[in-house]
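Have a look at the structure below, then the notes.
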Amino acid sequence: MSASLCVVPDSAPLGASPHASIHEVECRIKSHEWVNGQYRLLVLAAPPSVLDCEPGQFFHLLCPQTDRFQPYLRRPMSIYSYDRSKSELSFLYKVAGAGTGAMAELRPGEFLNVVGPLGQGFEMRPEWRRPLLLARGVGLATLAPLARECARLGKRPVAICSARSPELLMSTDLFRSFGAEVITVTDTEGNSGIESLTPLVEGLVRSRGIDAFFTCGSSRLVRMLQEIGARHGIGGQVALEQHMACGIGMCQACVRPFQRDGGAVNLRVCREGPVFGLQEVL
Amino acid sequence: MADLSTKIGALTLKNPIMPASGTFSEELAEVFDLECLGAHVTKTITRGKRAGNPVPRVCEINGAMLNSIGIPSKGARAFIDNVVPFYASYDVPLVISISANTADEFARFAEEVSVRGVAAIEINISCPNIEDDGKAFAMRPGATGDVIRKMRSATPLPLWAKLSPNTGEVVEVAQAAEAAGADALVTANTMLAMAIDSRTGRVRLGNIMGGLSGPALKPITLRMTYQCARAVSIPVIGCGGIATIDDVLEYLIAGARAVQVGTATFISPTTMPRLIRDLDKALEERGLSSVDALIGTVAVTGEALTLAEYA
Amino acid sequence: MADLSTKIGALTLKNPIMPASGTFSEELAEVFDLECLGAHVTKTITRGKRAGNPVPRVCEINGAMLNSIGIPSKGARAFIDNVVPFYASYDVPLVISISANTADEFARFAEEVSVRGVAAIEINISCPNIEDDGKAFAMRPGATGDVIRKMRSATPLPLWAKLSPNTGEVVEVAQAAEAAGADALVTANTMLAMAIDSRTGRVRLGNIMGGLSGPALKPITLRMTYQCARAVSIPVIGCGGIATIDDVLEYLIAGARAVQVGTATFISPTTMPRLIRDLDKALEERGLSSVDALIGTVAVTGEALTLAEYA
Amino acid sequence: MSASLCVVPDSAPLGASPHASIHEVECRIKSHEWVNGQYRLLVLAAPPSVLDCEPGQFFHLLCPQTDRFQPYLRRPMSIYSYDRSKSELSFLYKVAGAGTGAMAELRPGEFLNVVGPLGQGFEMRPEWRRPLLLARGVGLATLAPLARECARLGKRPVAICSARSPELLMSTDLFRSFGAEVITVTDTEGNSGIESLTPLVEGLVRSRGIDAFFTCGSSRLVRMLQEIGARHGIGGQVALEQHMACGIGMCQACVRPFQRDGGAVNLRVCREGPVFGLQEVL
């Protein structure tokens, strides 16, 4: 009977197929620390199958049911770091609502069910020599592995890290350790607004020869980089967010409109994205 | 190993587990081998291109979800050229779900998609019937009968009518579908619902209202499955909130000959292969040698009341 | 302190929180002071004595419950003699819920219970109409209109029509109730559902099917509340799955002028007083000085679509 | 505005009324131990308000939501012991399904929400001098506080404790400490069936002058005691179980038929019971 094709033993990963590139696995939590009052770093012990991933890709996490929170859908989280040699996968996340609230209660030694890796990651083109990484809040989580990829490729990026206040700045040392030049801006210092960032980025284009922009999330920042990019003929990529159900491409929940082939088309953030070309974002 | 096969009219499925329309696509082949499924059921398509509804298209609510995806569609041509061939490599019946705004359009469309590689057509009659106040076809026995009768003469393929929980006349609609020539019923689609964000005062779906699916729907669609299985003699396929093997067993016991798994695949993309494995185990534990032996075995306590008094 | 009062037609309630029929009784006075409630709503009674349904009458299911209590009733006389006087000691409007099997019986019964101490009559039209195939009155606009029209001429008391989520014609039923002279609508009663024990293969309620209530019902009844509040100009009272202050706010934002709390009282008997306290806090947090200022303020994104496409 | 009548401060018990006799309170868990492989003993720190209770009454417990179990309705549990001087309330329960499964995960220091005390307890009439307590399984939990009440009233009961196997016998020392004469019977020893119990009880009636029967749960045992009682003109009481929703008397879920005033009437186990007269049980 062909049904036996996927009547897998209890111990085997469920319904494993030889061509599977997306996996649902239970990962043991190695550590789970507060980075500051809002963000937590979750480090998982992950099997090699899911560590064949790229910066910009994400996982879909099954948050636990707790007495306070009963999230239902999975929650998408960018890969903050992945390390095949240590079998480690980590996420940096902000505690927001029910899902992340429930996640925050997970303790080392417990397990988290993750699905991934998902989506299209960043593409660091060979001709891009001096990338600018502009990250705010959770965007840091998404861009951190890209900074590492730059280091691997021998490119020295400039990273602008933005936050509400200096205490909430994160990962600046990590970015520096990947050889990035780090510039910090914060709301409290009054230098994180578009009015301040525009001249800052324009200046970096001139002084550092920035030739590619990478950012995520905030549509204000995307809009700003699109304008500066258009003025200077600089391309780049953006990682976007959208409410998701499946995360795999089945449900069409996560569409956004993009400029492609001369017209506006709806694309799935989970599948055609989450990384898109800077200028195609509408 | 128990005999998991089940017959839906002329079609024999290797097991009773299949996806629900709109919660399945080619991409799932990257998670597990789609060959294991009882059938492949594709997202509803319309004849022409459509964009679907505004975002946000989904939200979660009390252990369930709402969706207002709508029916974004690349059109019939793109579907026949790109999607049907993808499934041809599997030895699994391909069921395609279609929708239209009038009975005649449904019929024309059914004819157009009756191509090689398609094993059955699922009729999504939960869409608005523009000739009937915009009420969905599935709301009324008359409209349901009409659409199926016209499709029946337009295609030789088996027709599965997917019912809606929004009607107050489930049994009558089921009987009308059977009388008009449907080969099977699917019970059911999502239930019209709504969510508001109390903090912002905004509706949580771009389309204001949306369809409830997931575990919260199960008690309703299980009831419909039971009602329909008793009221018609064509096979009934259960659908609504199935996530665990117990859910599958409940539907089979209630009278379903197969089941469709929807939202659960979003929560765990390996749900369907797991259910197939667990079904085999569950039958064995019960000393049953086939799925057939379980179907419709529900035991009722006391006398069934003619006029249900439930409130 | 915000002004929590709300008007339901001619009645002014000190706050919009009241119990749902069948989930409240004199015994709750042993838990908290019933004086605090916006209204007292009693379990549906019938004119004659009735035993109710076989046990088990309740079961729990996925964060919700099913009940098939039926309408055990000691009859009109016992109710008027023993129950009405109990509530007379409170300065809270007493709303009594009644049921009957024909429109004429409803009217006669309404007349009989229009006694001193009763402030309004809630009409439980979710019961089977024996003159219409046993379909509940609330399933059809015609039957609903009939029953309310006859009651309207039989009693001067305000009439609240309690709608059912089982109909596919909520809006039409709501409009028929308004046209026939209902003073308010309650949205809604429980949704017909079913549960099977997969281990034993038995139905889990003595009456086979039962009514779904609790959080799983909320997305459905909130949607009905929104639909009805837009479709009629009489007050709508929201009911279904309310357990937290957010639930209350969502119903008010959707257009309800008051809400009924049912199953949540079983989970926490102090739910209603807590909601009253929390409502006051929530209004203050939003800088609103009255409940009125919140009612019907729902913000919709994008354009409302005429033909809802949700599946 | 009269709404202020129950707009209570956050700290006060919610909606407290001067006449309240049923309370919803959060109790801290003092200890929570396995008694054997199936039963757990849960000891709560409870306020005096809920300790004004009687043997045979019960509480309605709000089981927690856990990752494995999401019970919805409350679960009724007999009072196993209550102690005003120690502010203690305890329950002895069998881990059965979702509710008790979730309860079993509670740890000392955590809180459990209870509603009670509920229902009518046992009435130990002055003329009953030599009561027989027949308990099996969870019935022990229900009868234990009655044994204590007997001790307080200076009556010396005979307690038959029944279980599947000797290891599963519980609380026999507790019963002895209340001065009860304890007889144990078990399935494995083959002396717990009706055939063995009937002569045993008949014998006790003769030898010990048993003049009242108390039992709970099992309809087989109730039926047996009704028959023996009828033969010897011995009355008694029975604590019954029924599926409940509200536990307070509002929903009418928990009815059972009883013989009263010459006819069969439906009574609410949560309100008119859970303790009923031995001979009225149908």
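Chains here go by letter, A, B, C and D, matching the order in which they are written, and residues are numbered from 1 within each.
We take it that a contact is a pair of C-beta atoms (placed from the backbone, for glycine too) under 8 Å apart; a residue touches a chain by one contact, two chains touch by 3 or more.
Going by UniProt, the chains are A, D = Dihydroorotate dehydrogenase electron transfer subunit; B, C = Dihydroorotate dehydrogenase.
Just so we're clear, the structure is a prediction, and the values are computed from it rather than from any experiment.
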{"item": "Given chain B (Dihydroorotate dehydrogenase) and chain D, the chains that contact each of them", "value": "A, C"}
{"item": "Neighbouring chains common to chain B (Dihydroorotate dehydrogenase) and chain C (Dihydroorotate dehydrogenase), by label", "value": "none"}
{"item": "Between chain A and chain D, centroid-to-centroid distance (C-alpha), Å", "value": "56"}
{"item": "Intercentroid distance (Cα basis), chain B (Dihydroorotate dehydrogenase) paired with chain A, Å", "value": "35"}
{"item": "Gap in Å, rounded to a whole number, between the CA centres of chain C (Dihydroorotate dehydrogenase) and chain A", "value": "47"}
{"item": "Touching two or more other chains - residues of chain D", "value": "70"}
{"item": "Where chain C (Dihydroorotate dehydrogenase) touches two or more other chains, by residue", "value": "22, 61-64, 67"}
{"item": "Contact graph of the chains (line, ring, star, complete, other)", "value": "ring"}
{"item": "Chain pairs in mutual contact under the definition given at the outset", "value": "A-B, A-D, B-C, C-D"}
{"item": "Partner chain D, residues of chain C (Dihydroorotate dehydrogenase) touching it in the complex", "value": "1, 3-5, 14-15, 22-25, 27-33, 35-36, 43, 51-52, 55-65, 67, 69, 72, 91, 214, 263, 265-270, 272-274, 276-277, 280"}
{"item": "Contact footprint of chain A on chain D as seen in their complex", "value": "64-67, 70"}
{"item": "Residues of chain C (Dihydroorotate dehydrogenase) that touch chain B (Dihydroorotate dehydrogenase) when the two form their complex", "value": "22, 44, 53-54, 61-64, 66-68, 70-71, 124, 126-128, 130, 134-135, 139-140, 164, 166-169, 189-196, 198, 200-203, 206-212, 215-216, 218-220, 222-223, 226, 241, 245-247, 249-250, 253-254, 297-302, 304-311"}
{"item": "Chain B (Dihydroorotate dehydrogenase)-touching residues of chain A, taken from the complex the two chains share", "value": "1-8, 13-24, 62, 70-74, 113, 115, 242-256, 266, 271"}
